[in-house]
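Both of the next two complexes hold subunit A, though its partner changes from subunit B to subunit C.
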Partner chain A sequence: MKKSIDPRIQFLLLIVQSVLVLCAGMGQLILLNVFALFYLVYAGLYQTACKMGAVIATTVALYGYMLLSDQQWVKFLGFLCFLVLRFGPVIIMARVLQEVPTGRLMAAMQSLRLPKNFILTLAVTLRFFPIIKMENDTIQMSARLRGLSYSQPRNWLRPLQVFEYTFVPLMMRTMKIADELTASAMTKGIDCPDQRTSIYQTRLTSKDLILVAFFIGYMVCIFTFNFLEV
Partner chain B sequence: MKKKKTATLISKDYLTIGLYTVVGFVVMMVLSMATLPFMVWFYPYATAFVLFFTCPIYLLMAFKVGKKGTLLLFGAINGVFYAIMGTIYILPITLLGGFIGEVILAKTNGYRKLGPQTIAFTIYNLLYGFSNYIILAISADYYFKMMENTGYTDNHLEYLTDPFWIMISTVALIAAICLGCLFGYKLLNKHFVKAGVIKSA
Partner chain C sequence: MIETAIKLANITFSYDAEEPQLKNLSLEIEKGECVLVTGASGCGKTTLTRLINGLIPHYYEGELTGELHLNGKNARELEEWEYGQQVGSVFQDARSQFFTSNVLDELAFASENYGLEAERINQRIEAVMKQNQIDYLKKRKLAQLSSGEKQKVAMGAVEVHSPEIFVLDEPSANLDNQGNAQLAATVKQLKQAGKTILIADHRIHYLMEVVDRVVYLAKGEVKAQWTIDEFRQLSKTALHSFDIREKQEVYISELLREENREPAFLALQNLTIGYHRLAPSLIKDLNLTLAKGEIVLITGENGLGKTTLARTLCGLNKEQAGSININGQMQTAKKRREKCWFVLQDADYQLFSDSVLNELLLGTKKTEENLVKAERLLKELNLWKLKDQHPATLSGGQKQRLVFAVGLMREPELLILDEPTSGLDAGNMRRVQRMIVDYANKGITFVIITHDLEFAKGFGRRTIQLEKAVSSKLQPSDLAVFK
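Presenting the complex of A and B:
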């Protein structure tokens, strides 16, 4: 059973997390990742939690190995490790936000009195990331059949053409999706100037507040006592 | 029924801009990841290389919408993504770039013209592509601290501080954007205008 965390709380945590990631050292980054994993488990996304847990554990192990050795190319791996650890917490948090139904997200954002068009754009764009991957896979499948895919090495000598063969279908699909979404939003009365009503109730529950309190406590702990001196 | 054409953005335009911005962002991220292994030698040209491929996307979006505020919204959404990804300082830079671009477009009324769009997008990208340098200029200590963490300072620093390399990357960036816009314009005429999805430019 998936527990639903209020979208406003999710946004708050996401933004605070991303600011903290910016000013965290390596040890704190690892702890932030650990928190993000627990957050995934709390939100009920066990499969994703397992996958991301494996990725982060591997990265930390690699980083540990890098600290021990002193070759130049290993140092370069350190940069990759840093990137993974740095974007890990944020991507995980955004992943949880993607699970929220669009109606619920919009209802919650509306209670923050943000402009309606901005809410619409944001809600749609968050959804669109996985769709691009899906569309691209389909396009590449048919491109491969015709020998035009960028995954085939013989095409690497003419990058512009390969880009064109991917770009044009992708743009066409995007255009179509935008049209369909507009039609769907119009029939649901997105242009109506009145306050939008929603079946989802937006009320902060005690669970959400406990989560925030726990988050703040954890962050204060991380940044005052530097647990992992890496 | 109201008349169909308005000068302000409507819901459809917001959706179009949102979706194309996401596509552009994803293309940018994927290409940045692809250039990452070559960064040590490739650094001054990497930004130019990546931004070259976002030009056709932007041009298509701008010609499709063809109204005031497209570039600003494009910049704002890009900035919000960066803010969520943890580099919040890029948001004001993209907003500023988008705003300057909008002023140019409004002055020339060139929402569906190649020249003004190229100039506006070049200025936007100059600000945005050099956000690293801007941060470096504003607060060098902070930037170096951030880079220290990564163990990636050897050649990188030389590229960031040497005026010769800064010149090179500026020229490369401007050339890339102009070529990219030309390439995008050709693609537009070759495919999209012919298919009738956007009005002829």
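Presenting the complex of A and C:
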């Protein structure tokens, strides 16, 4: 069973992490990535942790090679490394947020007294990403059959047109699903003005507090002492 | 005294002031009654369900006159959220009726919205899961469930909140016979618990033991009503004239047969397939030959690799082992993509262009010859008068014919259809059947994936059932079963 981190804590860490990523130097960025990986392991997403770990290790290695080499084209790759390392920690932590059951997320948001409309929008948005991905996969499949996919070289000359062809059905499907989802939610009392209850406890546990304490300690450490001077 | 649960009096409704969807409709359903509403596509079944669960007039707007009473209460006095306390709804498409991402949350969702105490909700969930035998799904994610399991969870989610009235809109569209039987069992339980149930559906065989009354709608009016006993007496010709589907379940054993027609046009030799090249194999060592112009139906439970087989045949997936030969020549995936065409269950995925005519011409050279061909195909499939419309404005059946036409435009040798009849009424189902037989006679080979056995029976052709097994091999006996 996966360990569950309170969604409020997750949001807090995600926001702080996003800010730190913007003002961190390269050495600190690498350490932020390391934290994000441990965070994945803590949340029980071992497979994702392995994959992301490999990606980040490669990027760091590439970055190191780039610093030593003085060929110009390698310098260009530096920009890519820079992007991966900057966005990595945020994407990883957002990935953990996706694992939170919808009901738990809504309960946690509610305890922060956020407006109901905001909570619903957030819950639906998070739930919609996987749907859009699935829909897009199916559309790309039929686009390939029709010779309209990017995997066919002759389409590289007209990228906009191909994008339009595959985007229209995606829009159509998304609109249809959104419409049906709303209808379904309405028949289940989503508009009920009473206070919403939840089967999830919204009390913060000591584990959550330890996680926050560890996070703060770690951040203070890496920003005070520059461990990796690169 | 018998109480009325649902009472509709002189209801007329139209979405956009054009032809009304429901015309002067009056219907009374008693408490504890189970009513099946059936009729051709566009007869107003779905509109009727939406009226009862309050989506009309609160979500889908339009012109509504007449009176609706739910459990003796005039619906006009109900707030939009109050409907849900009395009426629980189950919809056709499982993907879009779940608001949450896992089973437990979904079961609790409605009750949480209405502010029930957490402890009470948990008790109800336990009880419902036990009753419907879905305990084992408790910790699963909704995305990982099969269609049958999703439908069970959808029913369970409504039951947890325990409304008095249940409205089901085409719940069987994506289910196989086994799923249907489970659904019927759940409905039976609800009926025993004294709930009122209204089911709108095309497929009716699975409900014959459960419903009390059958209401036949046509063009928004109640054209006929039978008690279940009267309905059982109805002759096949009578049903046919109403375009109602079979009353009797069609068993797979009636359909299975083996025939090998020579010469082989398509031959699969020791074919092994999976989601991708390195994934675990779903079907192993499959040997199968098809003659030119043959129609083969493939059926079997979900998750056995029917769709993967179709994807591999038409070249979207590479085979893991074995070979696929057409006319004795081995075909690579790329070549197969040119020779085969795949019609998906949902036509929306396959329409890319801005008009019906352009859809056919998309990806072909704009020559006079192609234009003439497109015109001929559109005329053959009865779409010519719609040639300037946007594909999104077509009805479901028209979209399906359009995707079919797009395939024919490429002069395929093999056409694969995935669940072509989900949600089709009897009339449209027979139309699809005729269309397929017509083109098969012109020399196109068809592979059709379906769990609609009534549809399969209509062809009287070779039917193959996939079964769960490590290796699959055609038995030489009269049963074409993969063991």
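Observations on the structure shown:
One rule holds in what follows: the second predicted complex is superposed on the first by the 229 of 230 C-alpha atoms of A that agree within 3 Å, B and C clash if a C-alpha of one lies under 4 Å from a C-alpha of the other, contacts with A are read in each partner's own complex, and residues count from 1 in each chain.
Everything below uses one rule, namely that a residue touches a chain if its C-beta (ideal position, glycine included) is under 8 Å from a C-beta of that chain, and two chains touch if they have at least 3 such contacts.
Only a predicted model underlies this, so the values are computations on that prediction, with no experimental measurement involved.
Once chain A of one complex is fitted onto chain A of the other, the partner contacts of A:103 are limited to subunit C, with no touch recorded for subunit B. Looking at the shared chain after the overlay, A:220 reaches neither subunit B nor subunit C.
Judged by the touch definition given at the top, the superposed model places A:141 against subunit C, while subunit B stays out of reach. By the touch criterion defined above, A:50 lies against neither subunit B nor subunit C after alignment on the C-alpha atoms of chain A. After overlaying the two complexes on the shared chain, residue contacts for A:209 are found with neither subunit B nor subunit C.
Of the two partner chains, subunit B is the only one touched by A:117; subunit C is not.
Contacts of A:130 after superposition on the shared chain: subunit C is touched, whereas subunit B is not. Of the two partner chains placed by the overlay, neither subunit B nor subunit C lies in contact with A:61. Of the two partner chains placed by the overlay, only subunit C lies in contact with A:194; subunit B stays clear of it. Residues common to the contacts of subunit A with subunit B and with subunit C across the two structures: 124, 168, 172, 177, 181-182, 185-186, 190-191.
Subunit C contributes residues 50, 53-55, 58-60, 79-81, 83-85, 87-89, 91, 93, 95-102, 104-105, 108-118, 121-122, 125, 139, 143, 157, 161, 311, 314-316, 337, 341-342, 344, 346, 348-353, 362-363, 392, 406 to its touches with subunit A in the complex. Residues of subunit A touching subunit C in their complex: 1, 101-104, 123-124, 127, 130-131, 135, 138-139, 141-148, 165-166, 168-169, 172-173, 176-177, 180-200.
Per the touch definition, subunit A reaches subunit B in the complex via residues 14-15, 18-19, 21-22, 25-26, 66, 75-76, 78-80, 82, 86-87, 90, 94, 117, 120-122, 124-125, 128-129, 132, 160, 163-164, 167-168, 170-172, 174-175, 177-179, 181-182, 185-186, 190-191.
The touching residues of subunit B, counted against subunit A in their complex, run 9-12, 14-23, 26, 36, 40, 53, 56-57, 60, 64, 73, 77, 80, 83-88, 149-152, 183, 187, 191-192, 195, 197.
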